[in-house]
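The same chain A turns up in both complexes below, where it pairs with chain B and then with chain C.
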Partner chain A sequence: MTDRVYPNDLREFALAKAIRAGGWQAPVLWFDQAGLALLAFVLLFVMPMLHLAGLADMSLISQIGRYCALALVAIGLDLVWGYTGILSLCQAMFFTVGGYALGMFMCMHGPMDPKSGTIPMQLFVVTSDPNLVLPWFWQPFAWPWFAVAMVLLLPAIAAWLIGFFAFRSRIKGVYFSIITQAITIAAWLMFCRNDLMLCGTNGLSGIQILFGGDMRDPGMKMGLYLVSVLTMLGATLFALALVQTRFGRILVAIRDSESRVRFTGLSPVRYKTAIFVIAAILAGIGGALYAPQTQNINPSNMAASASILVVVWVAVGGRGTIIGPVVGTLAVCLFESFLTSGRTITLPFAPEWLNAVLKQFMSKMPQFWMLIIGMIFILVVLFLPDGLIGRWRALVAYVRGTSP
Partner chain B sequence: MRLLLLYLAITFGLFASEADLLRLADEDPAVRKAAIETLAASGDQRLVGFFDEYAKNSGFTWKGRVVLALEPDGDLTPLHPLTREKLSPTALPRSTLSELPLTRKDKLAASTAVSRLRLADPDPAKRLTAVSRTGDAGGPQNRILLAPIAANDPDPRIRRSAAEGIALIDLASVDAAVRIAGAKTIEELASSRAGDALKVVRDKDADPAVRQAAVAALAAIDSHHTVVRTIQTVFSGLSLGSVLIVMALGLAITFGLMGVINMAHGEMLMVGAYAALLVQWFFAWALPPSLLPFYFPLGLVAGFISAGAVGWLLELTVIRHLYGRPLETLLATIGIGQVMIWSVRYGFGDNQAVVAPAWLTGGWEPMPDLVLPWNRLFIILVTVISVAAVWVLMNRTRLGLLLRATVQSRRTAASLGVDTRTIDGLTFSLGSGLAGAAGCALTLIGGLKPDMGQEFIIDSFLVVAAGGVGNLWGVVCAGLGLGIATKFLEPWTQAVFAKVLVLAAVILFLQVRPQGLFPPRGRLADV
Partner chain C sequence: MTSEQRADWLQLEAVTAVFDGFKALDIAHFGVDRGELRTVIGPNGAGKTTMCDVISGKTRPTTGRVHIGDHEVTGWADSAIAALGVGRKFQTPSVFDSLTVYQNMELALPGRRGIFSNLFRRESTAERDRIDHLLSRVHLISQRDGLARDLSHGQRQWLEISMLMVSGANLLLVDEPAAGLTDHETALTAELLLELKGQHTLIVIEHDMEFVRRLGGTVTCLCEGKVLAEGSLDAVSANEQVRTAYLGRGGERRS
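Take a look at the complex of A and B:
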């Protein structure tokens, strides 16, 4: 393609200008690193210690493990949206596909139907067909290496197809967001159908056996928690390193001015497709870690609102920061879990009526918390465009007397 | 009023006379038979009930007149044979009434009389049912009953049904020539009712000529069905497409002209629908019931105005601050959409339904077996009017001129004294109002859900993307194309796969023509 037209040094020069034009700044600041180290310390050391001391029960540990899996999806979206400027609304689809890939593996080793003993209970119950033969695409998922490969490959292939065709015809900006949302909705509708032999709206529920261990076992739970935390931290470090390479800098240049990058002789299609695929793989891994921890993965994990939630996590944390999405995911998810737990809060010095209103409001929250999510969305977009991390950086800069 | 009806009924002989009834008590069977025939010829529908009871031995004579008494045993209360008023305040001993003579022949005559009376029902709908039942029942005596109806009935549908019935009866005849004639008639009428009977004839009939005629008739029915199905598919595609068009018109204005992406546009549809619901509730609460069917035009206006007002408010509070930042606008409006959905769910709960006005129930039947529902025709009409109104507004009014000027070059327009801020607000509320009108029209064909807009938002964006940004005709063509394509794909894939296929088609189409059907030219092309 046009890549070869320009001499290399000239292209580097033009590229450097393109990158500089976009107000580039070093993504990792010392307090980010300190924050990350603190987070790693808390998640890897403090939480297990609290559990051993009996202060944090297994359900809380497992909950945080799930949120770490979700943070992987958010990191992927941050690479695509925060760094490359492509707002993708199909991260939840890649997440769910990854979850299904591992979920099917677990199904194949879980309880089978009583009659032939070859069909996983989850599939047998949904189809309720006594003469059912195991569909051909289920069989290879019994092999662990195949399932693990599919966790990575299925989202990657899907993302490559979507990305290549969309970016090639220069579908960008809001068009791309809408197309990806349409694709997610279409996939959701497909997964909901029983005749796709993926268990319909029930999804894969009650999946228990993972590599010979039972997911109801506290040891397995703790193990998977640690794996999730480590994977999440690894992905954070990987993403932080990635955005500092030449590849990462070109992504930022594409975000700031795609046509300028094209004029320097680079093909943005390749870079955009590549980062889109990387994000999809991260989401797939997230899904594969999430499914065994909830022992459940179903089509509602990729409903339209699920993709929107991922955007909320990234926006709240602060996009283009890598650390931000992790913080955002943990914060929003913990907030959600608090709101929907049915607990009430009483303000100590507030008048009686205010507490009564608050109690009424909190009692409705288990059903109506999407209302809060919507409000967070509007407020963050209007008043907090650089998210929590952005505010934190501004505060640090203010204290130090420098400009951020 | 009642007296007038009575007078009319007597003049046209719609009333059974007491004298004829009394002849049922005659000893001579021939007199009784003649009496039943006279009664059947009178066409008085109240006789249907009488004959039913008469055939169950419930007819008596009492004080020189015929009465009914329905008690199976014990004392009897004489009732008026036609109106069933009580003629005696108390029950009387059985011996005071004498039973009407009733033989098997009388019962047969009474049941024939009931069929004849039903066939003479003044209500065309009931008459149609009776005619089609008589045809299905078969038998030579029914053929005799149907023949005058096939020739003389004022309603063409009833004439057709009677002719079908006669042909069906002919098909069962012993005479091969008559059977062939029956099959020929069915072939001409393309009567789908006769399908099963024809198949039996095709497979079992002894005479090869008759079998051949049946095959020909079946082919005629099949081709008629294909025509009907095609028209129906195109029609449902049109009605789906027209909802999409009104939605997408609003989007084409806000997104195409202003470059503002409004993911809460679907919720404007929802606002319009709930406005229609509120108008209906108001009518039911404050006004006499006779006015209730006329709520709809007012609901349409209310839908337009309320959605427009919400849109105006939205522009003023949120969207104005986000101009030139499309992704942020997208996010903020997604948030707004969620807040609106969940607030309405909080306030109204799920699944309300608007009762469609009576004048929109039923449908237009331009040919046999093809019914086009009035409500869907009405939605198409609303769409045509909306498109025309938007075109006139854009191209023939001062507001449209200012609007286009602002879109083409904001600075130039402002320097020439156009208040671009106000124009922005007006444009946005116009686009939202159109979605509100679409929502109101949608209440005619479905229930109300707080998230009803979500179903349409993606499709409408696809319409705008495929039609080309900011082009009215592009939107109309793409909307109709998408609607009809979806409905054509649905039968031989499933609804879900049709959606997937249409989506894939749009993406492939955008590979060929990234700017849509009618790409903008010149300076606008950069937007």
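Take a look at the complex of A and C:
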């Protein structure tokens, strides 16, 4: 091709080269990163210090550790939904499967049935069969490397199967959401069955021994809290780096115009499946970090509503920003914990009747929490389409006197 | 061009596309030479876009064969046909709205279809220069780092054509590039397409006769899925059948 370049264009061409050399980046995003650094500082330094000073008790630390594990699921969903535009409603299933994989490892090293001495106590919750033998698939979970591999592999394989066949058949949008939700409900029903030998609706409860340590021990709790925070921060950085690559831009391109991607010679199926698998692995890791901290993992962790909650966290935080969903998860979970803890708030200087109303309101919260979260979701969709992080960016832009 | 000629680079042989019993396309033979700029005209519903769908693999032909170069591509996946070098510009411009103009171009670069190569590789300086050069050519260089969603309709058309140019596609299917453009924009679009001719094989669908005249070259007129006439614009527009087709059947009956 013979390029005819006009004088004006040459000048603009030089300008483009100059822009490129300067490594120009949106200044607002720099504040995102500052926010992330602040979050890391608070979680890794301030919280343990507060604990040592006696201002934050272990249950709060452990709670935040669990929320960090949940944030991993939100990061995964943001990659799949926020960046690639696929609304998946089965993230909680991957989370629970990861939790079960590590939970079975913990069972195999926890208290055994005194009669046989080789069968975890948890299996006797759903059966009284005295001749019970250890189901074949339990045995390998005694090996730590096998259990850890399964934490990653089981969700990955499940996601690959769902993703590959659904995406290859060009199942999109709401149809994909419905199918993933149906699969989750099917899996939930399956896990509830006693004859699957996964302890039925009770799940794996009282799992306490992890790598020789006892999860009731404050040292173990603090250790797992720090591991959860570090994993969550690591996953955030990983996801932020991932979306900066050409791979990440292809994901956004698929969200914008899948057919254009196809006519560019790229196969969307491959990319959608890949990101779906990555999200599932993140969710699986989240489950494996969550289970020991609650010392419990059961089928209700993958109830249909659990996956929808992940969607709410991502939407509240801000889709397609990675940091947003992390903040959204922590904010919504802390808010939920505050409202449903059963404590009463008394406003000073407020009239008697207002405090009475408030007390009544707070006492009803455990039942009404799901309604509140639904309302939050609707309000966010209507008034804060960019989520909390969108507000933060707007604020930064306003203070700096630039447009966002 | 007679039907005995079979040396064409792109060939459609006895291709039909039937949707729910409706024969949208019924082409005995359609061939385009390498490096040719072919314009396809025809009334609404003549099957012009369906023909592009069949060539690019978006629609599988019900019967018949499609050859591109040495390959028979009948029934291939659309991304496989695209990887062979068939680029497409849609009727309504489709670019990636949330990416910058530059990133749009960068995604269209040829090669690198695997996931792992896309995780680590970056474009070379030569590729960057090529993109910037093309963007200068279509007056988009000042919007280089702006989002594609902020472009005007004409700019989006050019961005899409530029993406085809940078992709190294050798067969370009261009669906109504002049639709909704100002006269000035139309002129630049025609200029761009003429520059592509020779290096690339082009099939341009267009309604705007002034634009078709500007492009020159061979014109194929489709009607009701069939090739009605082929030749220069003057010859085709003088064709009695073509005139009837454009006037509609009502006119035929009355005469």
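Couple of notes before you dig in:
In the analysis below, the second predicted complex is superposed on the first by the 367 of 404 C-alpha atoms of A that agree within 3 Å, B and C clash if a C-alpha of one lies under 4 Å from a C-alpha of the other, contacts with A are read in each partner's own complex, and residues count from 1 in each chain.
Operating definition for what follows: a residue touches a chain if its C-beta (ideal position, glycine included) is under 8 Å from a C-beta of that chain, and two chains touch if they have at least 3 such contacts.
The shown structure was predicted, so the numbers you read here are calculated from the model rather than taken from an experiment.
Once the two complexes are overlaid on the shared chain, A:T264 sits against chain C while remaining clear of chain B. After overlaying the two complexes on the shared chain, residue contacts for A:G374 are found with chain B alone; chain C is out of touch.
In the superposition on chain A, contact is made by A:L189 with chain B only, not with chain C. When the two complexes are overlaid on their common chain A, residue A:V252 makes contact with chain C while staying clear of chain B. By the touch criterion stated above, A:R216 is placed in contact with neither chain B nor chain C. Across the two superposed structures, the residue set of chain A contacted by chain B and also by chain C is empty.
Taken together, the chain C residues at the contact with chain A in this complex read 56, 58, 77-79, 82-83, 86-88, 90, 94-99, 103, 106-108, 110, 112-113, 115, 118-122, 128, 132-137, 139, 141-142, 144-145, 163, 165, 167, 195-196, 199. Per the touch definition, chain A reaches chain B in the complex via residues 85, 87, 165-166, 168-171, 173-175, 177-179, 181-183, 185-186, 189-190, 192-193, 304-305, 308, 311, 315, 364, 368, 370-371, 373-378, 381-382, 385.
By the touch criterion stated above, chain B contacts chain A in their complex at residues 261, 318, 321-322, 326-328, 330-332, 334-343, 345-346, 454, 458, 461-462, 465, 494, 496-497, 499-500, 503, 507, 510-511, 514. Put simply, chain A touches chain C in their complex at residues 1-5, 9-10, 12-13, 15-17, 19-20, 24, 242, 245-247, 249-250, 252-253, 255-257, 259-268, 270-271, 274.
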